[in-house]
Every structure is written in structure tokens, then in C-alpha cells.
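Below are structures written as C-alpha cells.
First chain A sits with chain B, and in the next complex the same chain sits with chain C.
So, the complex of A and B:
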């Protein structure tokens, strides 16, 4: 907390105009939200839950970006492809009869859907698959690039995204792969506000993922990863296996991408419960969250995701009359606008480490 | 004066576009072949590669190469020379294409268009895109590295979205449908009959020229102009300043190079190229303006062309464009040829590699609609494109330019190994 306070104050200990502006903007938004809460509590609560759920999905994907960036110093543009590949694999395990985990009726609310045990086992298998995919990709394409310019590595991941996307699209070309979850599209009610179970699941998963990443950074491997992020050569000289750190980061990043991909087919993001070619866009929609929070900060990923989720859903709910000239579907570009404004104010995101420039 | 590579006696000689006579002669012959390629000459029929490239079937691809070369020359100035990585090149191309269709297209009930001739809409597209670049650049100057790449990526999504809004659709055409691109015809003003008609076959100086060949000549001329312009920008004051900023921006500033101003210049010039290329892309290649065309894949294609050709050089974008655009067609032609092959070792290979509409072996499906898990030729081409990017970056980060340098150095000291 002290570090946060330190960051908000400038060197002389006084509040900088930027922070004052942001606090002012935040309080105006807070007053607006309070007004809406008293005006129509059901819609407000529903919107809030939806936005936090969407923000959590963004945060999960963003954590994957941050893990990989922290280790390899590069943005993994193939995150969307990995997300769909993982979700597809899960859908094969869950939906297809010829695979051991068959679908049976769910005791929970009597919805036909996968059973909890079979589904849970499928998720674990799919996570292992995603980790394996991440490991293979890292070994083949990223490991040879240690020490090369960072931009080249980023472009390699763009190439990977193109390749993975072709195979993904081939799998879903003829019919969308349905991806069932135990809770289906069901939800619960607070008063008249309807909240999907998957929204809650996304929030809980994001919290678990954040805590896991938080403690991981304090473990031995996590410290090694931070050392690698700081200076690859120096870390190597200290006896840290940089290749192993890369591999772990990619495996963890791919698993997070897969979880994000599964949630990208669920209600706060999409209503279809099936894997489609468009599912891959979740990664590009989550990029503003990563950038806003700062590319190398897990806290930034979580907060950035939530801020972007709030901005997107609230703009869609309450600003439709004012910004009609932005056209239909304008909530989808709100994240980018928020990101650009945020970057003008803080070029390295809210929690990102500024690059120290030496001559 | 007789020159040798890497042996310069004056600055003037070193900064020449073509320092040696052999380079001048080779380039001259190459340009002559390019000029004669689509014509019905005895000579061009004899050179095996040129014979089919000048064909009406292949000329549209050559035109695509030229447009891609112009676009990548612009990206090279920004990403290769000034080191500012941009994934937003497609956005600036889209701005150019939409401006071109606004200035040069026909207006109707729900579309704006002024119907002006090419000598207004083509520079207009460039200027509009350059303005967009200059407007964006103050944001971009504050950002570095991958942050810049992602913000420019955001521009692409914003651009497509605004192209599909109700007011954007009045310029860019209905979402998903697009509108007819402006005509390439050269006319003085809006009169009925153009000075030079590029729509149908004609006869110039005793040669039969098809409409595609006419477009080819126009694009070839523009590409040469833009390539010389790029080369001149790189080897003069502006280019040297940009290279200094690329190599170490603080050091450049200490040396007295105003970083902000030169980054704005880089964005402006690069976007000008992009705008012209975007206008040409819609007018000469796709024949329509469609906002969704100018997406992320497009930007990645130019990055790929730049990196495969060789960033920071003028020849790189030209060679890279040829390589990237032609490879898919080569693959397709090769697959078709395999498909027809019977017997012998190639026939065996074809059996293993291909499946026809009724066969079920092989990897590549030759039909358009694929059953189940097989990829068709077009999908394989995209996969190949992705692999090309990855393989080139891992094994030859300097691109084809690096390959050329290695080949040249080998022959320079031949028969000794070093």
C-alpha cells in the first residue's frame, strides 16, 4: 500500500495535477453511480455484476499477458489463439460422446449439462493440454529468440496467432463447437436483478488467479522470473535458468488464456455457450486492460481489467443516448478510448514500471 | 568513376543511390525487363520467368506486389528507419482509401462522393492519411516499444468501427458491402471521355496492352517514384536524423536532433505512403472500398513484408513484397500441377500430399469447401505465411537482405572461405 501511496504523490510530496484530475474524475463517476443506484437499483446492480464479471474475464486474460511479459519482456499476441485452442479442447472433452467424460444430467437445478466431477476432470485435462501447448510453442519459437530484439519476438507471436487461428477456424468452420458448463446460462436474483452464475464464477476465478500469481511471484521460481525480467544476462550469470523461466511463464500464460477462453463463451461476454472464431477476439479486447494497468504488473492487470469492464458495460448501459454518433456496438471501442486516454496521462500504464532511459 | 563496394573515396560517392557501375547496369536492365514484361515482345517470351509473369493471369498479382511495395516503403520509414513500431499501418491505408473514394467516387443517395479525377484523389488520399498520422503522432511520441505497437493496433479497431457507423458508412460504404472504388482513368476534370482509359484493352505505340497492363504501368511508375523518394529521404538529413533516433533516442537528442519533430515527420511521411497505397489498393486491386479490409491481418502482412525483405533498406520492401505476395500463388500453382500429375515419383508425392474431391488421403485439400479436419490450399497458404514470418525471424532476422549480403560476401572472397 505504501508503494501505491508513493506512486500517487510526486517527489515533493504534493499531489500532482494528474492525480488530482483522476481523483476528480473518479468522484464525479462515483456520484453518478450513486445517483443511478437510487434511481433504479435493479438495473444498477445487474450492470455492476455484469461489468465486474466482464472485467474479471479481462483480468484473467490480462494476467496471462503479464506473466509472459514479465518473463520474456514481450507481448504474446497469440494469446487469443491459445484461448480458443484450449476452449476447443475442453469442448471436445465435454461435448463429444466418445470421450470418457460423458454428459449426464446435473443435480444442480436439474439442468441438463455436464456433471461436476466429469466436467472438473475435463477442465484439469484441458489445462494440462494448454500448458503443454504453451511449452511446445515456447520451446520451438521463443527459446531460440533469447537475446534477440523484443519486437522480433512480438512479431513471431503474431505469426503464431495467424497459424493457430487457421487451425482453430478449421475446427469450428462447419458448426460452432458447443461448450457446456455445469451451471449453464442459469443465475440467481437479488431483488429483480438477475446475475448469471458464470459471472460469479468469472469473478471467483479471477480472484483465485490473482492470488495464485501474487504468491507465485513470492516463490523461488517467481523471484527468478522477476530477476529475468530485470536483466536476462545478469540473471543468467547468477545461475538462473532463463529457458526454464520462459517455459514456466508460457505454460502458465497458456493455461490462463485457456480459462479466459472458456469464460469468453459465457454470459457476461457472449450468450452462445459455444466456441466460435470470434472467441479469439477476447484477447484483443483484453489488451487495453493490460496496457492501462501496465504491462508488467499483476495488480495492474486486475485493476485494469475491472476498470475496462466497468467502462465498457456502464457506457453501454447509460450512455447510449449521448453517444449515438459512435454507432451501434460502440461499447466495444470504449476500452480502446479509455486506454488511449490513460496512456496519454501515464505512458507506462497505472502500475507499469517506467523504462529507465540511459544514453 | 569506376567504383567498388565498400571502397569509397568521397562522401558524395558513398551516399550515391547506386555506387558502382555494375549496379547501375543491372538495375537498368531490370527496369527495362519490367517495362517490357507485359508487352508482346519476342525477347520477353524467351526469358522463362518473365514469360508467364507478364501474363494476364499473373499481372494482377504483380500489381498487388507493387501496391504492397509502396505501403511497405512507408512502413519502412517509420518502423525500419525511425524504429517506431506501428501495427496501425492498415488504419492509415484505410483513411487513404476512404478519402480517395470520397474525392473520386460517385455520390448517390446514401454515399458521399465528388467524382474528381485521379490527380486529385490520389495525392488527396496521401495528404489525408498524413494528416491522420500527424494528429496521432503526439500520442505516439510519448509511448515506446510495445506500448506504441498496441496503441496503433487500437487505431485499427477504432478505424474499422468508425467506418461502419452510420455516418462513416456514407464515406466507406455499407458495413460488409463496401462501395465501388474510384476509377483509375486519367482525365483533366470530370469530362466524359478520359485522356487515358484504363478500363479496356488498347494499343499503345504499336503494342497491344490489356487493361491490367495499363494499370501495371501506372503502378510501376508510382512505385519507382516512391522508391526513389524513400531512398532520398533515407540518405539525406531527415533519414540520418531518424536513424539516430532509432539507434538511441536520448543520444540523438543530445546531438541536437529534435526528437518530437522528427517523430512527427516520420509518422506523416509513412502515413502519406500508406494513404496512397490504400487508395491504390482499393482502386486497382480489390475494386471496392470496404472498411473491414483494413484490419489487423493487413497490418501484420506489411510487418511481415518488411521483416522478410529486410528492415531499414529500400530494396527490402520491394523484394519482400514480391516474395510474400507471390509465394501463395506459387504454392497454388504447384498444387494444381501436382494434382494433374500422374505416375512417377511426383505422382506418388501428389498421391500422398493431395486429396481431390473424392479422395480421402493426404494433407492438402484441393477443393474450396473442406470436409472435417483437412485444410484447403488457401488455409495452407495462410499457415505458410505465418511460418514464413516465424522461420525468417528465427533463422535470418535481417530478412532476404541478410541472405543477399551473405551470398555476396561468399562470392566476394571466393574461393577462400574468409
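So, the complex of A and C:
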């Protein structure tokens, strides 16, 4: 009882640091952005769109982390592997016209009419594949660990990441597999500012994912998942099948990872439109967003993703003169700096539950 | 009818907690299970509800039968579906969920929407207070309200047997009386009740039959009224002293422990 009272008091009393952090950071950035907007509107709009697009990709991946953490209380380190596995599967369907390791061709490529219909159908098939992959992994490696130390489960996911990555790289042979999207690297212009269609697609997908999660949390299964997250034993006592909740979370997490993996091959993340061994790092690039937002909060994943995306792209665009001596890759460390500052202010993330949990 | 026969439960493969426990809960009755700390009351509940697994516990001997079906190692969800629900010790409401969402978790096993709505109405009739707070976060309810919510949540699965683990824990005497009346009301609606309590006076005052547990065994059982009148029970569970007024030696009163009672 006391611990509960303390938690609620914490949750109420700690509103001010978040507001202070947000307002402080927001006002500094706001003034800076206004200056830039008047200075050179085209570059500013282009940068803003890019950063929101990248933030959306981070948010989608972060949401996968959050769903799995919410149900199982473990960070799933295998998200990167799952992202590449899903993107690879889609690449086989779209570019090679067959299912990996088989000669079964993809019937959706032969659908008459505009090519995006077949492409969309292939994406849905790939999503089903990702969900299935998540289910199988959960059943084989996570389910037997119910009630076991969370640290062991986290290490298992780390092992899985390496297994999946080696499988992707060596057995499937990634080597720049092309992953076509209907809109390619095309885009549209606002004035002189160029914005990629895939940037817009990432934002729309993130919005859809978050609305879906919002309604899912209020559904029968979603309530069960939140109950399991709060008190596993009490949830079991209500007749909730904890294993099923784990399975649903892993399936959803794997699908989100796959979607994030597909976006990781497109602008604004990369221009190559191909799956590479490097694509897997998207999960670790999104990790600061998850940690900053709070590991168990969907809202945190969205805002954390956007904040990190803004920080990374804006630092890349405007700070090159000051910190260019760090090398061309310096924007990649910005997320981690923001994460560290965020954690010092709010150790459990902006929207995380203020309760110390193991791993 | 619930029958627990010669149940032996071991934790971590070494700690023997229940040593041949046998109890019965006939249909439509209130049965009290009393005992001091560590007697094995909560372990008994866990065994019936199928929650031994996650506590590294194992039923090594004996059986639990519910209306003729062996449910000794059944899954918790199967047991709830079969009609046994428990109100856990310490309430354990989902503090981050609203009252309505808490009740929804209780009705998780019921797929029929109409049945769910009927259970909801029934709970709201029993606890009008919860209706006013149905949109509130459960963590902000008072202890008494949380206990009502925990009981309401358990009733959402429309159980035939309700197990209450220490419903009076941490509540004021007035609230304990209220909870007691609610238990009687629920029982009148045709739900059998297994009441686990340290508050023996409260439990025995409404129960038909009572069991007294010590170190994992039933050491005494009988009609509740008879137990209430029993000298030893009065001394050890009701805090009343015998005629002499002086505390007797523990060894003198424990004679019943050596009496042959069940199969032991």
C-alpha cells in the first residue's frame, strides 16, 4: 500500500520537471527555429520534414520496443534483427518475386493495374510473416522463461539478435538487396524545399500505428495486456492467459520492427532503397528514443522518437560549422547525448512509470 | 463441490508447506479456513487457483477436485472458466487501470457480452459506490473501496465458488462488518464461499463450517458455532482466555495436534 501511495504521489509531484524540461528545451529550440525560418525558409522546411520523418521511423521502432516491454518487462534487443528479417522477406517478395528458400512465386506481382496494389499486398504478406516470426520466437525462447529472472530473458534476446543477424547476413546473403517502394526517391516541393514521399509515408504510418495502439490499449486484449504489465500474478488470477498476451505483444512488436526496417532503407534514413547488413542498426539508433520517452509508455515512444529525430537532423543541418571537427558522422551521437541529459532529469524517461525495474 | 484431498505442496523442491491437507467446500455454503501466519492458508488458495507454478511450488501428492473434475494441475484460466475465482490477499487491484477496466479484466474469460453486462450490473448493485467511481483510476480508491473493487472484479467471471484471502486485512472494524455483510449477500445469490481469515471471529460468525490449519495440516474442524465455543480456539484464535484468566502452557493445549484426525 505504501509503495502504491508513493508511486502515485511521485507521478503527481513529478509533472513539473517534465514540463520544465519540455518548456526550457522547447523555447530555446523555438527561438532558434524561428531565426532559421526567417533566415532560409526552404532549408528550414526541408530539415523539419526530414527530422519529423526520421522521428516517425524512430517512433515506429520505439513502439515495438514499448509493446514488448509492456507485456514482458524486458527490452527486446532482437528488434534490429527482426527489422532486417522482415525487410528482407519483403525484398524477396517484391524484387526477386519468390518466397525465400522456395520457388513459390509471389502471385501479387501479377495483379493487373497499378503496381502499388501488388506491392501493398506483398507488404501485408510480409507483415504476416513478421508476426509469425515473432510468435515462433516468443513460443520457443521467451515463454519457457515466464517467472525467470528478467536479466536472463534480456540476454536471450541479445543472443537472438546475433543469431538472426548472422542468419540474415550469411544464410540469406543480404549484400544490398534492392527493396523497391512505389514512390521511390521521388517527392514534392514546397517552394524550393524538397520533401520525399517516403518521409510523408513514415509520418502517416507512425500516426496510424499510434492510433491503432491507442484503441488497442482500450480493447479487451489491450486491457489484459496492461493488467499483465501491472501485476502478472493478479492478472493470471483473473483467468488472463499471460502466455497469449506475451505472444500478441511479440507478434505486434515484430510487425512494427519490420515496418521500421522497411523505412530504414528509404529517405530520410538512407537513400539506397536496399536492405544492407547495416540496416539492423536502426534499432539501436531508435533505442535513445525509447529510453528518453520511457520504456513502458506509447506516448513516450512517439514523443521520444520525434525529439530524437529533430535533435539528430537539426544538429546535422545547423551545427556542422561548430562541431564539424568531430567528423561527418557526428549527428549519430546526438541522440545519445539527448538521452543522457533526459535520463539525468527523469531517470525513468519522460513518460515512464517511476518504478525501478530490473533491465 | 470443491474437494481438496491429502494435498502436499512443496516449494523449490525442498520446502514442504502443505502436509496432507484435506478440506471440502459443499455447494452454497460458506466455509472458513483459519490459521496463524505460515500455516499454509495462502498456499492452499494458490493450489486451488493454479498459481503454484509461478511461485516454484508443486503439488507432489493429493488432489483437488471441482464438481468431479480433477483440477490439481489445471491452468489458472481454465480454473476461472470452470467457476472458481479468488480475491487475492492484499486486494491486488490494477492501480493504473480505471475501475471499469479492472472489472473488465475480471470478465476476461467471459466471451458473451450479455453475460458480461449482467455481471457488471450485479457488481454495481452490490457496490453502488463503485458506480460513482467507475471512470477513476483504481489506485486512488480508498482501501475499503479497493477491497470492494477486488471482490467485484472476481464476481465478473460469474463464479460458482469465490475464494476470499484475508478480505479484512488492513480494514477498519466498520468496513470489516460491511465486507462481512457483502460476503453473506453474495453467498445468498448462490455462490459458495471459501473464506480465509486471520480474523477468526468474523469468519466463524458467518461460516457454516470451519477448518483450523497449523503447519500445513488441518488440526481441527467442525461446525463454525462449535469452533467458536471451543476453549482452545477461543484462546488461540479469538484472544479470549479460559476461566482461570491465566495463560495456559502452549504444550497443554496442543493436545488436539496429537489426535488422529484425517488419514495421518
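The criterion applied here is as follows: the second predicted complex is superposed on the first by the 309 of 359 C-alpha atoms of A that agree within 3 Å, B and C clash if a C-alpha of one lies under 4 Å from a C-alpha of the other, contacts with A are read in each partner's own complex, and residues count from 1 in each chain.
Please note the rule applied: a residue touches a chain if its C-beta (ideal position, glycine included) is under 8 Å from a C-beta of that chain, and two chains touch if they have at least 3 such contacts.
Since the model is a prediction, treat every value here as computed from it, not as a measurement.
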When the two structures are laid over each other on chain A, which of chain B and chain C touches more residues of chain A? B
Thinking of the overlay built on chain A, is A:336 touched by chain B (first), by chain C (second), by both, or by neither? first
After superposition on the shared chain, which partner residues are touched by A:318: those of chain B (first), chain C (second), both, or neither? neither
For A:238, select first, second, both or neither according to whether it touches chain B, chain C, the two together, or no partner. second
Go through the superposed model and pick first if A:152 touches only chain B, second if only chain C, both, or neither. first
Which holds for A:216: it touches chain B only (first), chain C only (second), both, or neither? neither
Who does A:326 touch here: chain B (first), chain C (second), both, or neither? first
Of the two partner chains, chain B (first) and chain C (second), which one does A:230 touch, if any: first, second, both, or neither? second
So, in the complex, the side of chain C touching chain A is made of residues 49-51, 53-54, 56, 75-77, 79-81, 85-86, 88, 92-97, 101, 104-106, 108-109, 139-140, 143, 153-154, 157, 170
Under the stated contact criterion, what part of chain A meets chain B in this complex? 74-75, 141, 144-145, 148-152, 154-156, 158-163, 166-167, 170-171, 173-174, 284, 287-288, 291, 295, 325-330, 332-333, 336-337, 339-340, 343-344, 347-349, 355, 357-359
Which of the residues in chain B come into contact with chain A in the complex? 85, 139, 142-147, 149-151, 153-154, 157-158, 161-162, 164-168, 248-251, 254, 296-297, 300, 303-304, 307, 370, 372-373, 375, 379, 382-383, 385-390, 393-394, 397
Interfacial residue positions of chain A with respect to chain C in the complex: 1, 4, 7-8, 146-147, 220, 223-224, 226-227, 230-241, 353
